[in-house]
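In the two complexes that follow, subunit A is the common piece, with subunit B as its partner first and subunit C second.
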Partner chain A sequence: MRDRRLAGCVLAFAATLLVPAVVHDTFLLRVFTEAVMWIGLAVTFDVLAGYAGYLNFGHSAFFGIGAYTTAILMVRAGWHFAPAAAAGGAAAGLGALVAGFPTLRLKGAYFAIATWALARAIQQIVLMMDITGGPDGMRLPALLSPRFFYYVMLGVASVTFFAYWFLLERAPFGLKLKAVREDEQGAKALGLNPTKLKIQAFILSAVPTGIIGGVFAYWVTFIDPASTLGDLVSDQALVMVVFGGMGTLIGPVIGAVLIFAFKTLFWAYLSDYEVLYLIILGAVIAGSVVFLPDGVLGMLPRRKEAGNRA
Partner chain B sequence: MPEPILVLENVTKNFGGLTAVNEVSFQVRPKEIMGLIGPNGAGKTTLFNVISGYYAPSRGKVLFRGKDIGGKTPYALAGRGIGRTFQVVKPFPGLSVLENVIIASFLRHPKRARAEEHAWKILEFTELADRAHQSASSLTLAGRKRLEIGKALALEPTFLLLDEVVAGLNPTEVDHTIELILKLRDQGITILIVEHIMRVIMRISDRLVVLNFGQKIAEGPPGEVAKDPGVVEAYLGVEKA
Partner chain C sequence: MELLPQALMDGIMLGAIYIIIAIGFSLVYGVMHVIDFAVGEWIMLGAFAGFYLTEWTHVEPMLLLPGVFVVFAAAGYLFQPLIHRVLSGHRGNPLLMGLVFTFGLGLMFRGLAQTFFGFYSHSIPSRFSNGSFFLQGGGFSTTVSSVRLAGLVYALAITGILHYLLKHTDFGLGVRALAQNRDAAGLMGVDNKRTSAFVYGIYVGISAMTGVLIGMILSLSAKMGPDFTIFAFFVVVLAGMGYLAGVPAAAFLLGIIQSFFLIYLDPGYTLLAVFAILYTILLVSPRGLFGKGV
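Take a look at the complex of A and B:
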């Protein structure tokens, strides 16, 4: 069953490669690029939320750190885009390592509050610093190639997805992480070091998020603390993950596509009813938590696990 | 006399002003089943937590195969060969029975395929193979206790701490579990077991240690310990003449 799902993912990936060949409209290609970005952000969010059981309301901080690192290196140090974005990923990973030790001791709501506060603190620091341009933000050199950004975003998101697939669904790491999620004390007795596993998961979630932030910065050519370090990234990723199906890799992809499509269509046709958007979104989330605890993915018929690996 | 596998030297564990375990010393020899008994609150589980690394001893020494392990982490001790079960069983409820055991098997078999192979052997041995793909939370209490033992066994321990693996089971299940424990001993695993059911502890233990209010009040073969006046007093109270 798992292999068939993986085959489905590879097929879907192949189809997305063809999008720029079919879609010539620049606006539409931007929409697709952003959809791919949200897939990446939802999947990275779910590593911690679904597999490790930690709701990270500071996910936006990784995105922002990646965006700002990339922007600073390109604008102030004259780096090329690729190494700058890679450095953005590394910076986000380093941030996760440093932030993980104090915060991953906390559980449930306390972890959510601590990471949220940390993200707010980083946002304030960026607002006050000169190197980041403070509240004025930063302007990056413009590269006007929608195709280039579509493929870069797709490359980052799909490498992340398939690397996660291997690490979380095939390699022992995923099961070990789930063990820690289910019962940390019990996991210790089985030779697992929960702190180490959680920090690894945190970094695994942060690095691609930082890279995506870097790609985003170069793509939109202008970043400020509100657009990259605000709550939106964390909140939206959470909504997508919950709606799609937490603790899986396919769930967040489905959630990201559905929520983002809804958002895009809403803004395109119903932007006069702006206030309705959040109300509908809120109702959808409340409804999916109550009626679809396993998300949209959980509604799909599932073949019996029995015999799956026997 | 073979070298003891576990040596406790004046082990004390305080929680603030409360002394849960007080100056306890005893030795466990290889391949024996040592019973640890005592009334509720005597400090048995605390002592288990000290031996398995969940608590560092406040004073005293814990030597495992000659090395001081006081203050080592539970996962480091699992690596050295100490397996344990929990009185309140700790299955990973959202995972399947098989996955539960695979996770434990990773300790000695880091490759997924080998770990799974090993897990199946453990499931056969603990008679859980037919329920391998069920979620762990769907097992009965007896099943969960057996899974708990299975997970500890998957670590391929040389020394096994069993915390009330029989309590709460019906008589048939009790006999079943006793058989399992005796089989483990025959495989060469040394066992320290906490149990409330006297019928069980008297039958399977080679020797007993009795704790009361955190202190050791008796040690010896089950027959002798049962006649010890101090032990009788601890369990039944003193008859005022």
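Take a look at the complex of A and C:
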């Protein structure tokens, strides 16, 4: 069952490799690149939300930390892109470690608001600092190669996805994390260290997010606090995960593709009604919770597994 | 130094507002075990209700408060079953789902408010806004506008009423029982659904009234919600989760910190400073300032 799904994923991945060969339109390739980016962001969001049971409304903070670290290292220190993006990931991971240590002791709901506040606080710092360009944002050296960015984004997203697959669906780590999610006291009684596991999950979620942020910064060549640290990044990741199916790896991918397709069409035809997008996002979140508790993935027929799901 | 008494007064004012918001917030958490992410949006909607009512009727907004309370309390009462349904359904992680649900609602409210009310900041005109008191003593002097004083009185009154409701009525006993143990309270004859709906209604009503007050004292805009959600949460965590008696101290502390930042330092760093304090408190004493939280 699982293997068949994994095979499906590998097949889908192989298909995405061929996209640049088929799509020659630069704009369309950009759309595909961004879709891949959102898949990455949704999957990383779900590690903490679905597997650990902690909503991270500060997802944008790690995306922004990655983007700004990469930008600062490339522009101000003259680093190359690859080490700069890697440093972005490391910075995001470090941020998760520092932020997660006290906040992950909180109950789920409080963690959610604490991370939200963290994201806003970081946004404020970035707005005040000189090195980040404040509200003016930062300009990066342009590299005009849509294919390059498509493959880099795809590389980061797919390495993340398959690493998660191994860690969360194959290795004991995923089971441990689920145990903590279901019953923290019980997990403790079994000799697990919930705080440590949650921090590990947090870092596991933050590092790829930071790298994706770094790739994003180099790709769009201009970042400012609103585009990288704004609430919309976290909100959209949440919508994709909830709509697609929380607590799975495939759900967020489906959610990301569907929501992103909708978003693209929306902005193409209805961009005058910017605020409407916020309303729709909210409605999709609330509606999914009420009507699709397992997301779109939950509507697909399940074999075998349905029986032993608690 | 001549600004010190002013900063303190402003801080106490803000603190009083945070008290009312945080009490409702933690009541709902105690009874329904859901953190209402939409708390700031209820405040915002209340503020706009007050704004438009004052504009249409030209009635002193202070007098509109009871009306706003009744309307919003009814809305909250009718709304609660939906949240209850989310929380009690057969979902994998009901608490998380409740959180996601209220977050979605909050987003929707904010979007709707921006659509219908626009992006501008307003303030609610009140007859109290003009008057002010001049306090002097011990070499210090400060002016307190009467609208702020009225706000303080209002906050203390609401706190007092809630205290009475919780400690001296059967309804309050039921609420406290529910907060302690839902199942046992149910066995003792406390109607979980009804009590929760009432508590949610009261909380929404109070939040909306506070919104009107904030609109009179500070300002209102469609984007004001998240800040108040975050501050309500800060107060609750500082006080210690579920420890209502700690709320006033935590709220005044945060209010004073915020007003000091506004007056002496850069207001842009307020949230950062507050977050730093929260972070330190959580590191040193995860159960709040008084170590009595859950």
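Assume the second predicted complex is superposed on the first by the 294 of 310 C-alpha atoms of A that agree within 3 Å, B and C clash if a C-alpha of one lies under 4 Å from a C-alpha of the other, contacts with A are read in each partner's own complex, and residues count from 1 in each chain.
Everything below uses one rule, namely that a contact is a pair of C-beta atoms (placed from the backbone, for glycine too) under 8 Å apart; a residue touches a chain by one contact, two chains touch by 3 or more.
Predicted model, so just to flag it, every value in this text is computed and none were measured.
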Practice item. Mind checking the superposed model to see whether subunit B and subunit C fit together on subunit A or clash? Key: fit
Point to revise | Broader residue contact with subunit A after superposition on the shared chain, subunit B or subunit C | key: C
Practice item. Would you sort A:N193 into first (subunit B), second (subunit C), both or neither based on which partner it touches? Key: first
Check your understanding: Looking at the overlay, what does A:R147 touch: subunit B (first), subunit C (second), both, or neither?
Key -> neither
Review point. Looking at the overlay, does A:L175 come into contact with subunit B only (first), subunit C only (second), both, or neither?
Key: first
Exercise for review: From the overlay on chain A, compute the angle at subunit A's CA centre subtended by subunit B and subunit C, rounding to the nearest 10 degrees.
Suggested key: 70
Review point. Looking at the overlay, what does A:D183 touch: subunit B (first), subunit C (second), both, or neither?
Key: first
Exercise for review: After superposing the two complexes, find the smallest distance in angstrom between C-alpha atoms of subunit B and C-alpha atoms of subunit C.
Suggested key: 6
Review point. Once the complexes are superposed, what residues of subunit A are shared between the subunit B interface and the subunit C interface?
Key: 181
Practice item. Using the touch definition up top, name the residues of subunit B that touch subunit A in the complex. Key: 52-54, 73-75, 78-79, 83-84, 86, 90-96, 98-99, 102-104, 106-107, 110-112, 115-116, 132-133, 151-152, 154-155
Study note, to complete from the structure: Interface with subunit B, subunit A side, in the complex: residues 170-172, 175-176, 178-179, 181-183, 185-193, 304-310
Review point. Which part of subunit A faces subunit C closely enough to touch in the complex?
Key: 49, 53, 55, 57, 101-103, 105-110, 112-114, 116-118, 120-121, 124-125, 127-128, 181, 231, 235, 238, 242, 246-247, 275-290, 293-294
Check your understanding: Can you list the residues on subunit C that touch subunit A in the complex?
Key -> 29, 34-35, 37, 82, 85-86, 89-93, 95-97, 99-101, 103-112, 114-115, 226, 229-230, 233-234, 237, 241, 266, 268-269, 271-272, 274-275, 278-279, 282-283, 286
